[in-house]
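Note that the chains are named A, B and C in the order they appear, and that numbering of residues resets to 1 at the start of each chain.
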Amino acid sequence: PQSHTPFNYPLNYHLYAPTPPPHMQPHLSGNEQNSESLFIPNKLRETLTKKNEATLKTFATNQPDIVGIYYDLIPLELDGSLDRYSSTYDHDSSIYKAFSNANGKPYALRRIENVNFPKDKAVTSINQWTKLKHANIAQVIDAFTTRALHDHSLIIVYDFYPDSKTLEEYHNPRVGKAEHITEELLWSYLVQIASGISAAHEHGLPVRSVSTKKVIVTSQNRVRLSDCGVLDILHYTEDSSDTQLSMEKDLIDLGRLILDLASPRFAPAPKSSPDLIRLQSSSLKEDLQTALKYLLTNQPNKSIFEFQRIISNKIVKEFEKIQTSADYYEAQLTRELENGRLVRLMTKINFVLERANIDYSSWESAGAKYPIKLLHDYIFHQVDENGKAVLDLSHVLRSLNKLDVGIDEKILLVSNDELTCLILSYKELKDLIDKSYRELINS
Amino acid sequence: PQSHTPFNYPLNYHLYAPTPPPHMQPHLSGNEQNSESLFIPNKLRETLTKKNEATLKTFATNQPDIVGIYYDLIPLELDGSLDRYSSTYDHDSSIYKAFSNANGKPYALRRIENVNFPKDKAVTSINQWTKLKHANIAQVIDAFTTRALHDHSLIIVYDFYPDSKTLEEYHNPRVGKAEHITEELLWSYLVQIASGISAAHEHGLPVRSVSTKKVIVTSQNRVRLSDCGVLDILHYTEDSSDTQLSMEKDLIDLGRLILDLASPRFAPAPKSSPDLIRLQSSSLKEDLQTALKYLLTNQPNKSIFEFQRIISNKIVKEFEKIQTSADYYEAQLTRELENGRLVRLMTKINFVLERANIDYSSWESAGAKYPIKLLHDYIFHQVDENGKAVLDLSHVLRSLNKLDVGIDEKILLVSNDELTCLILSYKELKDLIDKSYRELINS
Amino acid sequence: LSQMSERTPLEYPSLPRSNDSYVDVDDHEVPLNSIGLPYYKENLLSAWSSQAIFRSAGTIPKNIDPTKFDDLKNIRIDNSNTVITEGQYDKEKYGRRNQAKKYVSLSNGDLGRFLSAKNVSSPLKKKVLSDDSKEQIFDIKKGNPPNAFKKLEILYSKFGVEDFDFDSYNSTYFSGLESHVDNSYTNALIQLYRFVPEFFSFLVSNLAFENLHSNDLLRELGYLYDMLVKSNGRHFRPTNFQHNLSYIPEASQLGLIKKEILASDGSSDAQRLKVFNRFLLNKISYDERKQNYHSQRPNSFDKIFGIEIEVQKRHSFSSNSLRDLEIHHSLDAFLTDNHFKQLLQRNINPTIITFLEASMSRIEQIKNEHGAFEQSKIVRKIPPVLSVDLHLSQAHIKSIRTTKDWLKAKFYAARSNNGYVLVESLRNQDTSEFYQQYELVGFVAEISGEIDKDKHLVTFLQTYDETNRTKNWFLFNDFLVLPIAEEEALNLQYWWKTPVTLVYRNTSTDSKFCYDGWKYNINDEILYRDHFAAGTREGKRIEYELLTKEEAPNPGTLVAIDAEFVIIEEEQFELKSNGSRSLLKPSYQTLARVSVLRGDEGPKFGVPFIDDYVVVHEPIHDYLTSFSGIEPGDLDPQTSNKPLVEREVVYRKLWLLLNLGCVFVGHGLTNDFRTINISVPKSQVRDTAVFFYKGQRILSLRYLAYSLLNKRVQTGNHDSIEDAHTALLIYKEYEILKSNGSFEETLNT
């Protein structure tokens, strides 16, 4: 029973691979490496681990087991608010994480309570959104109504972005430290959100939910429009005349969103306050002011596409940044994949070597395992000229990597008694290990 | 005692979760899952493994051991050509992969043979390029001349992009299958290359090497300008009047590059053939034709920035695509988070165990290392009731993870001769290994 | 709300794969984090301190050449097709098992070797070798040859070769030889013979004779030895000797020519040196006979080096025999495999004496198309100087390393019917009169590195110090000269040290170094006549007036000199992106014109008596016309209208002036002398560039002429007569300023 107590506390990730405080961190130059520089950076690892945990997290609730095809519902407090009433929707509303029975993946479920539809067709309007796939729009999956929650609820299903927060929560949290906002970050948001909006508008869909409460941060500096399609259903009409107006409003909302973020205390201004006056009184640089002015001013033929032409140089910059970060992720992924292979390789070597009743110190007794044993020593038991152990993790990784790839480079393996030596390539050694391992399987 | 059953120590932390979005699997119905969607897609793994191999590959050559601070030179035939003469440079030229003595990283070395400089300063002109970092430009690192290759060679050092190919080699290889070219791909190239060019022009640098022979494909659909800075050195002049002309030529070269790729047999047209006639006779869609026409036509105030404004809607599309692939890499990375930890753990155990001149089979000779040796056997040398080896990775990982944390669960370790046994907890074993490891450091 | 506060512990859903299922190692579809960690609140075992820093990234890997190991055999593993090479491991050479290779950074340049970096106020100030740097170059580390034995590189700063701190490599009065020169492997042998008094005196005395044959090594080696002595501990560059050697066809045929390139071609210098040894001695013998052909002088070289060998061929199946007497100049010493095996069986470790004795009487069975012969080669007379080339197998080398005192500093030789009997020491006083004592002068040894490319030749030499009456050993490694203990010099137990060529000399007869042997009967005729390479004075522009016998130079005679050069090979340099330019090798210049003017007061003051243009046989890269005044065609006998002579002619003139005691006046003479390849003692040099040396700046001739003489010179192409004349006037002005005490004042204005 006492064993259950610790689990109430979150893990301290720094026990996993401790990083000293900045002033204690050794300065590494050129050829120097330490365990941190050899593996995935702690911060990234922690972020990703938290995502994994956010996806898996569940606790016992009084929620029904199954809603539609979704199970294991747990409520999320995305906006940090316990107040169920949403002024945007004029309904009580909440959001859940749940797993799909169809594919086992986690999804986010937006629930609007006690709905009453003028037309059944309203729900099918979601299909326009489900077809739209875009990196800056939280993917819409499905919509249905259900009585499983003891009322007539509308459920709209989205992809689940673990550990994501709304812009408001991210930059003005009720608890914890707010993320700092720079003008560069504002541009990044502007370009990304405009990108999402333009995709929607291209499909004839106004977004209707461009606000700091509805745009979510899913990764470092990556934002997505969320809750798309809800108002399309709630305010369903077959009259398409308001589409153009709503689209124009999206642009103004986008301008306001950036203005809100830029304001010192992150205070959304009262709706009555004229946006353009707020803009002029802000200390934003000229290029950003110009861009926002376009968004906030009424003018003929205004469109998100025209806006993107105006800010094309900023889009190009964001394009470069995101490419760089894709490259960064690719590089990290490559490294971790390597590590995965190295673990398997080390496991094989350890499976094969030092099994009881074999003397590994000579050809006669160990056969093919003799060179493997010498290789093991070569990798792990380096010494300096005085015979002192050299514990060099980077040598281990380098050698194992070469072995894993099986390159033709030759190495010199010296016998225990230092009288004879073997000259063979990593490739040959890799084959020997494979062979010994297969023999072990088939023995 | 029953309180120590493993169930009190659930292995609940740092698990992998179903990958977060984007979900990029092929269309599968319902609960039909293939390994590609459940785990890291094989093709990506293969690609990344290949890159790893390309990076590590060495072979015996008659190259000198060391050029500048670079060693282990191996020639690359990036353009698949054995002809050393480069008409671009009007010199014999070749390219090598080598490792840097300064940091152990691989680099690509472009060699221009038998150079003769009017001014020593020419080489310093590379510094303008080394400062420029951009996702669509192969990073320029350094330049120097050397006599180590038995002539006076100019060497320009770039980041090494493993397994990369020139556009020509990629889409029109001498052997193997060519990658198919769609108009969408052409747009993608156009946007990326334009992005690289605009970064260079912003720094006042003409690229001078925009061609299918000089643009390289470094990942799926990712291209980079390469060999930048070579002509700046070879044709060094302090007269800056040709900069503007060269920049305008970059635009025409970009147009020609896309035209070349679009032509059915990938046939670079003879220089005499008027580009605009080639363009009109092509079957390209109107928007692409318009874009290329801008590039190929002489007009006042023509610039890459203006061009980017014109194609801003395409840039937005590429921006979206690259975001998706960054998200995809990030998502894949969440699966591979524990690999590094296991490598570090296994390395520690292997550092400690089986060092020469110690008999690990008894307390007397091995001391604290005796139980560690028995634990090693427990983890890696499991057998079934017939004495056949059980090679179960999950047993290995489970035991290693318990050891890593050092839980109180006790295990039974049996001596080699099966006559005595030890009962120790993972915690005690962890402490023993830690102690042995410290002794090794301080020995 | 009450529900929320009573949260139950976190749970995790079951995963697609159960933790308990068997997982195959090769099943890459199972991520490793499908198995989780238990809850933790302490550091994990897998955590590594970030203070542990690994420095191996960028370490240049060892190259492994499988053929370099002994007792190689292929081992087939478990009857499979996998074959693995196994060899013997030499721990001494390669270090401990699994020894981590140390990281060495390539970017830390060796600035310490430049004078300009040493804050030395004048380039002429001699630096004494500090104890620190001494230790650095002579530190015998276990396993590796000490730095002093390794191949040394001359580094060039932007100031050229003069900036390299040669003096830190040599604090003795013996001159070292520079390494960046063609055939520099011969340096080891040149130094070896330099310390054989019989040979040295023979060569230097021979310089008295006028010998203008082309490619004559007898003369050139004589010049070289004279210059080495005159250099008095400063480094010397044997360019003229090597130039002559390179143009001898036979030397090329024997593969002795090794152009100075930066990378080695991999062939063994030790092997080449033994061939060179035989070639050199034969060539000198030949050159002497050629030189003395028309005179009645006796040949003396063969008396110093000639080994008389009786060769007898006996037909196996008849009593026919042929007897012949051969003269060799060096002894090829080796043991046959059979002989070696027999010795080992008898538990006898052969020493150098065993090798020598066996090589002095040898019987071989020969089979060829003429039938089967028994051939005996018996040494009938060993010369005063015995030069020995060692031919060693791997087994021999191994036995040398394990034999203490393999190399003997002396032995005693007595003639017998079957060659010679050699003993290490004389036990029986009665027989001592039959024995002659031979002492080791020195030997050339091959120093190996881990890879073949590092192989290199050095010389160990014993010298006799006449003032202290002591014998001292020295190491000569190109421009490095260091005293070394006798035990260390003779120690051959290191894996990296193998003897190649040895010289013993008979100490029964005392022989001294005769440093001025040229003095007697010196022939100075060349100073008083023309000796054109082609044609006569007719049609030539002659701007000089030959010296008359009345003007014969005496010690102290003042002459003004200036030389012009052309470039055969341009300089080699490397550029870096930080703008630095590093010189790898200065341009190869060759002498094109020398002008020498009368410098003593008198009616002919300033009148040239030598103005020789020099034939250049190589293709010329750059005539440097604006500096040298030399035009294309000037140096070709077919086309030139200049007084053109062969280099050995002008060199003899200058050498005579030097040895007759002339004092040379000129501006910036260091480079002139270096390129002419002459070493002039300081007491015979008056260099105006040195007198007017200010701060770090050398003042140009043009500037000095303008400011001191109010004279404009070098307005067009340079002319060596004009420049020598200007320097002479500046020197005269200097003397005036110096004598009236206003020199310092003038220099500072």
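By definition in this document, contacts are C-beta pairs under 8 Å (C-beta built on N, C-alpha and C of every residue); 3 or more make two chains touch, one makes a residue touch a chain.
Remember, it's a predicted structure, so these values are computed and weren't measured experimentally.
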| item | value |
| --- | --- |
| Identifier of the chain whose CA centre is least distant from the whole-structure CA centre | B |
| Farthest-lying chain, centroid of Cα atoms versus that of subunit C | A |
| For subunit A paired with subunit B, centre-to-centre distance based on mean C-alpha positions, whole Å | 21 |
| Centroid distance [mean C-alpha coordinates] between subunit C and subunit B, Å | 48 |
| Approximate Å spacing (C-alpha centroids) for the pair subunit A, subunit C | 66 |
| Multi-partner residues of subunit C (at least 2 other chains) | 10, 12, 16, 25, 28, 31-33, 39-40, 42, 44, 46-48, 52, 56-59, 61, 97, 105 |
| Subunit B, residues touching no fewer than two other chains | 9, 12-16, 33, 40, 45, 101-104, 336-337, 339, 341-342, 344, 356, 391, 393, 441 |
| Residue numbers on subunit B that touch subunit A, as the complex places them | 3, 8-9, 12-18, 20-23, 30-31, 33, 40, 45, 48-49, 51-53, 56-59, 101-104, 134-136, 191-192, 195, 198-199, 219, 222, 305, 308-309, 312-313, 315-316, 318-327, 329-330, 332-334, 336-337, 339-344, 346-347, 350-351, 353-356, 376-377, 379-381, 388-389, 391, 393, 396, 416, 440-441, 443 |
| Residue numbers on subunit C that touch subunit B, as the complex places them | 10, 12, 15-16, 19-25, 27-40, 42, 44-48, 52, 56-61, 63, 97, 104-107, 261-263, 572-579, 581, 584 |
| Interface residues, subunit A side, partner subunit C - complex | 4, 6-9, 11-12, 15-20, 25-26, 28, 30-36, 38, 52, 56-62, 72, 82, 99, 104, 340-341, 343-344, 347-348, 351, 363, 367-368, 371, 377-378, 381-385, 387, 390-395, 398, 409-412, 414-416, 418-424, 428, 431-432, 435, 437 |
| Residues of subunit C defined as touching subunit A within the complex | 1, 3, 7-13, 16, 25-26, 28, 31-33, 39-44, 46-59, 61-62, 64, 66, 69, 75, 77-78, 80, 82, 84-89, 91, 94-100, 103, 105, 142-143 |
| Residue ranges of subunit B in contact with subunit C within the complex | 9-16, 33, 35, 38-40, 45, 64-66, 68-69, 71-72, 99-105, 117, 120-124, 126-127, 130, 142-148, 150, 152, 335-339, 341-342, 344-345, 348, 356, 391-394, 397-398, 401-407, 430, 433-434, 441 |
